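Some structures are shown below for you to check.
There are two complexes below, and they share subunit A, which is joined by subunit B in the first and by subunit C in the second.
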Partner chain A sequence: MGVFADRYPDEAKVVRAALASSFLALLIGGAMGPLQTLHRIDYLRIMPSESYYTVLTLHGVALVILFTIFFLVGFYQWAVTDSLDRPAEDIRFTWLWYGLMSLGALMASLAILGGFTDATDISASVLFTFYAPLEAHWLFYVGLTTFIIGTWLAGADWFRSWWNWKKENKGEKTPLRTFMVLTTMLMWYLATIGVASAVLFFLLPWSLGIVDSVNPLLTRTLFWYFGHPVVYFWLLPVYMIWYVILPQIAGGRLFSDALARIVFVLFLVLSVPVGIHHQYLDPGIAEGFKFLSASNTMFLLLPSLLTAFTVVASIEHGARQRGGEGYFRWLTVLPWRNPAFTGMALAGLMFAAAGFSGMVNAGMNLNYLVHNTMWVPGHFHLTVGTAVALTIMAVTYWFLPRITGNPIFSMRLGLVQVLTWFVGMVLMSNAMHRVGVGGEPRRTADPFYDFEFEGVIGSIGELHLQIGLGALILTLSLVLFFIHLIFSWFGISSTTKITSEAAIRKPLSGKEHAPAVLENFRLWVAIAAVLIVLVYTIPIASIIVDGGLFGPDVAPVRPDHAPLFGLSGLSLSTEWLVAGAAGAVGAIAAIAGVLR
Partner chain B sequence: MEIHKYEKIWFAAALVMVVLFISSVAYGAVGAGIQMVDDEGGEINPNEIGEHPKFEGFQDVAGTEASVTQVNESHYEAQIQANHPNFFPGEITIPEGSTVTFYITAGDVIHSYDIVGTNVNTMVIPGQIAEITAEFEEPKEYGVICTEYCGELHHEMEGKVNVVSQEEWDENYTDDLITIDERGGDN
Partner chain C sequence: MATEQPAADHTDDIQREIGHDEYNPVGTLALVFIYFVIVSMLWIFVYFVEFLGRISPMVVF
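Coming up: the complex of A and B.
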């Protein structure tokens, strides 16, 4: 079969554009990672602590909004076009939603960057959760809204393709990848109602001075109505990769098409009515609703546990196709030298580990021990920071040739890249969990107080060292990733073109075995909506009745920003910085040379 | 639809696990009686904190001297207001073996009140009063921190809870102690 970039050149262009935006966000957000890590453990402070929160806002927004979602739309465009085997209905519309998303991303980013300088009063140092009464410049809210509208139109684009495909393929079941795309988008439509109403009805008018008060508990609750399901928006493309691409790379087939569909339907139905589990410690919400949300959350384990089973079974099948035998010996015949495979396998492993720390977060009455401590970023650097980010990086070793027609620069470099991410994250996340149990808070520039936290196995000092080391290894991994990306993307140092690709193999138990009711999207959306109404109506009504729709005269507070380049916080000499940077560049060049 | 035998077993095991987890949360809430922050504290106007019955006599922000109020022999209550980047009062003192009910609210943005090393850890939201009760057995000095980002000086926001021995309490702290009856307000 011809390579995707040749079969659908126009669509491939959009896919490439979306991926480019995604990786640009990864670059910017990722660069903030070591900066803030070394600042908070007090190893290297090149900015005033006041600027820390602007850096952290950039890290959060760039990585979990822009990097993940731009990747999603690019990857999903490929999935729909490739699996329906039909071009976009109107490529101008496809560019329209991509353009809107980019415009929105640009506005939100500029608003955040304004926080670094005194030249403008634009700033948005509100972190990616933007809890009122902290206020950002309206540009930030308009940017986010534009970005989200872009994603809505992307979904509309894919639905339109599907409808037209159905007309031409009466009675046929939707191909698996398109099915996954559509269920994800339905979930997204339900989820974004929360953030869209928080921003459009309350925060935006408030930042423009049209209304002069908001109810902080209400906007916070609306945020988390969206804030939990958004994690599935990061995760579901990764599930698609694990279901469809990982078995392929392992040399096998997906175990069961039907089960994969059931999992996606379960996510559609269960993702939204759980957001209150982020508010276990909020006053103003009755314990019963917190308990309800905790129970729903536990049910959300089901689709992930089913995924674990199917994915492992599919990989095992692949190994047996390659002649693997025995209870565990089959593991040895898997393609461990392929960074796409190894990266995804390690990402999956880390996700399983994250399941355990997630249980503690979700357990309503354990949560207060870890709430807002470093445990929480420790947890989600395993989920979004590894299960998602590492899978996305790993899949590029498989995906890029299909959308660019150029071969991968170096698979060995890739292997080192995914392994360093794994090692760095094991170190950083492990120590974050442990200082978190000791009580060290997250989201702070300077976690050193009049008293000392007690570390769990190891002193806080040792754990900080481990965090710093992990962060540096992760940064190295990022640099290696970008070397690979640039060299592979543009086919630098390669004269050959890739002209054919293997088609995705059919599942062992194919879509003909999937029950027809799974395609009844109306039914699943209706069930999801009923659950949402049941779980959310009373808490939101009581927040409004008790606190007022617009709250009791709550004025906006704009965090003050210190100009970044005042350099008042510089605590290490410039020579050290220059020497360090030169050393790092040299080391990287050497590594790239050797691996090539 | 064909479902493999192993899939069925796995699915059943997963369901059992989910039910077990939910029961453990339910047990924690009902059996072990772990108290959660909830809507007991009620609402308050963040611009008129001193006028709320629970905060009556509580001086606004900077002028705050008020420490704890005695409810009965071993039960005290403490009113606390969070305003970036301070808690008012920043430090409270109570005798060992006492039970303290905290009423905590915010005058500006969202904060938290986390007495490190105890199970007092709650969000503090403008317009809401977080009510939480805890027992302090041994004399000890606890650090209090704000764990929710609240502005550019968030990292400087900290306070203290001093649990002192009975002798020290009797000697130094009982003179100005206000009882709930003297203070008025509702109870």
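Coming up: the complex of A and C.
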């Protein structure tokens, strides 16, 4: 059949726009990575320590909110349009939600960037976990709210397509990809209630001076109500990629359609009532409710372990169809030269390791050992930083020709890119976990104080070297990704056009075997709501009774700012930008020349 | 002059079609078993880190 970009040119335009926004955020957020890593380990300090928190906020918000969610909406638009085989209901509405998201992203980013200059009092150095008492400029909160409203409308757009499809296809089961999109969005609607109430009722009025004080524990709890399910909002599109696209590339078929649907339903039911596991060390929440969240979190391992089985079994099916034999020899016939396959397989491998460190985080007693240490950033650089980010980068090598009609620039360069990401993250994340076990704190520009940290095995200095080296390799990988992206996206130095694509192969056990009850979204949302009420009502009531709705007179904390690179204005930055751009163009041309 | 080609999907590499009933994912079983062994060993290691390696708030001597 024809390529997606030709079959649905209008929708492909929205998909491309969303992906462009996503990758721009990856570029900005990624560029902050080495800056803060090298500062923290005290190897290279080109900014004052006060700017560290602005850099860290930009790194966090750009990567885990903008990069991931812009990719999600672009990819899900493709999934709905392609799997229902119908155009968007009204493309102007589709552009409206993309426009709102972009406007919100721009406002939040400007508020964060304001922290780099003293020319304005706008700043938002509140980190990705933006709860009180850290206070941002109202522009930041309004920006995030606008962005999230955009995602709500995107969900409404996809539901509308589905309802209209249902009318024309009575009695038919929803195609798998659309089913995955709808369950993800239902989970997202439940999850964003927390952050929307935190921002609209407390943080925004507080930053505007309408209320003088907030209850920090309440805003923390509302943030984490959203802050854990948001990780599944990053992860579920990746699960869709692993379930639908990875078996396709491996030459196989999805093992079971029903199992994939059950996994998504389990995430809808269990993602939200677990947020308190981020607050094991918060006073003011009873231990019993922390334990309830801990046990719910352990239940959440189930859909991930089901995924590990189904995805590996689907890949193995591909290997067997390609002639693979034996218990392990089948692994050798997989398409390891394809960056899309290798990147995703390595991302999955790292996710298996992250599953272990996640179990440590979720366990109440073990969490006390690693809470607020570098272990936790080590963990989420495996999950969102590799399982999600590497899968997104890898799938681009498969996805891009379908939405642009241009071929991939160089599979070899792609392979180098995904491998360098894997190697860089193995070094950096492993060492972050280990300095965390040694007690080194997170979220600080100067983690050393006057204390000699000791590693269990090896020295802290050696681990810092691994972190720095890992960060540099990751930066190299990111540079390669962008060189490749630009050449592939615009079809530079290629006269070939991609005009057709193979249809996604049917699962081994198809949707006809999936129980009808899985389509009963009302039932699953109701169960999720009951669990949320059980887990959250009493803790939130007790937080309000103890501290008051607007808190025991908590004054805002606006971190001090020193301008980046000691510049008082932005005038010199232009020169830095021009020099940087010239260097980048030179590097792109040189590397492309060598690898082409 | 632009040439045309399909998007790469490795469909040509398939040598045989294996249906639902002929397929036994024994390789997956082997890999899952290895993961299980690794995770079990890590849990044993955690016992040393948590309880024997240091005086933690959870263990009062």
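Simple rule for what comes next: the second predicted complex is superposed on the first by the 567 of 596 C-alpha atoms of A that agree within 3 Å, B and C clash if a C-alpha of one lies under 4 Å from a C-alpha of the other, contacts with A are read in each partner's own complex, and residues count from 1 in each chain.
Methods note: a contact is a pair of C-beta atoms (placed from the backbone, for glycine too) under 8 Å apart; a residue touches a chain by one contact, two chains touch by 3 or more.
Predicted model only: the values in this text are computed from it and were never measured.
J.: Is subunit A touched at more residues by subunit B or by subunit C?
T.: Looking at subunit B versus subunit C, the one contacting more residues of subunit A is B.
J.: Classify the contacts of A:557 with the two partner chains as first (subunit B alone), second (subunit C alone), both, or neither.
T.: In the superposition, A:557 touches subunit B alone.
J.: May I ask you to decide whether A:458 touches subunit B, subunit C, both, or neither, giving the answer as first, second, both or neither?
T.: neither
J.: Tell me which partner A:366 touches in the superposition: subunit B (first), subunit C (second), both or neither.
T.: After superposing on A, A:366 lies in contact with both subunit B and subunit C.
J.: For A:509 in the superposed arrangement: first (subunit B), second (subunit C), both or neither?
T.: In the superposition, A:509 touches subunit B and subunit C alike.
J.: Contact-wise, after the overlay, does A:322 reach subunit B, subunit C, both or neither (first, second, both, neither)?
T.: The answer is second: A:322 touches subunit C but not subunit B.
J.: Quick one: classify A:255 as touching subunit B (first), subunit C (second), both or neither.
T.: After superposing on A, A:255 lies in contact with both subunit B and subunit C.
J.: Quick check on the superposed pair: does A:99 touch subunit B, subunit C, both, or neither? Answer first, second, both or neither.
T.: neither
J.: When the two structures are overlaid on chain A, which partner does A:309 contact: first (subunit B), second (subunit C), both, or neither?
T.: In the superposition, A:309 touches subunit B and subunit C alike.
J.: Per the contact definition in the header, classify A:50: touching subunit B only (first), subunit C only (second), both, or neither.
T.: first
J.: Counting contacts the way the document defines them, which residues of subunit A are shared by the two interfaces, the one with subunit B and the one with subunit C?
T.: 255, 309, 313, 359, 365-366, 368-369, 509
J.: Taking the touch rule as given, give the residues of subunit C at its contact with subunit A in the complex, in rising order.
T.: Counting only subunit C, the residues touching subunit A are 1-11, 13-20, 23, 25-28, 30-32, 35, 38-39, 42, 46, 49-50, 53, 56-58.
J.: Taking the touch rule as given, give the residues of subunit A at its contact with subunit B in the complex, in rising order.
T.: Residues 49-50, 52-53, 125, 127, 131-134, 215-217, 220, 255-256, 258-259, 279-287, 290-291, 294-295, 298-299, 301-302, 305-306, 309-310, 313, 359, 362-366, 368-369, 371-373, 439, 441-447, 449-451, 453-454, 509, 513-515, 542, 546-547, 551-554, 557, 559-562 of subunit A touch subunit B in their complex.
J.: Given the complex with subunit A, which residues does subunit B contribute to the contact?
T.: 1-4, 6-7, 10-11, 14-15, 17-18, 21-22, 24-26, 28-29, 32, 34, 36-39, 41-47, 84, 108-110, 112, 114, 116-117, 119, 121-131, 141-143, 145, 147-156, 158, 160
J.: Taking the touch rule as given, give the residues of subunit A at its contact with subunit C in the complex, in rising order.
T.: Residues of subunit A touching subunit C: 3, 248-251, 255, 308-309, 312-313, 316-317, 319-324, 326-328, 330-331, 335, 338, 352, 355-356, 359-360, 365-366, 368-369, 398, 401-402, 407-408, 437, 456, 495-502, 508-509.
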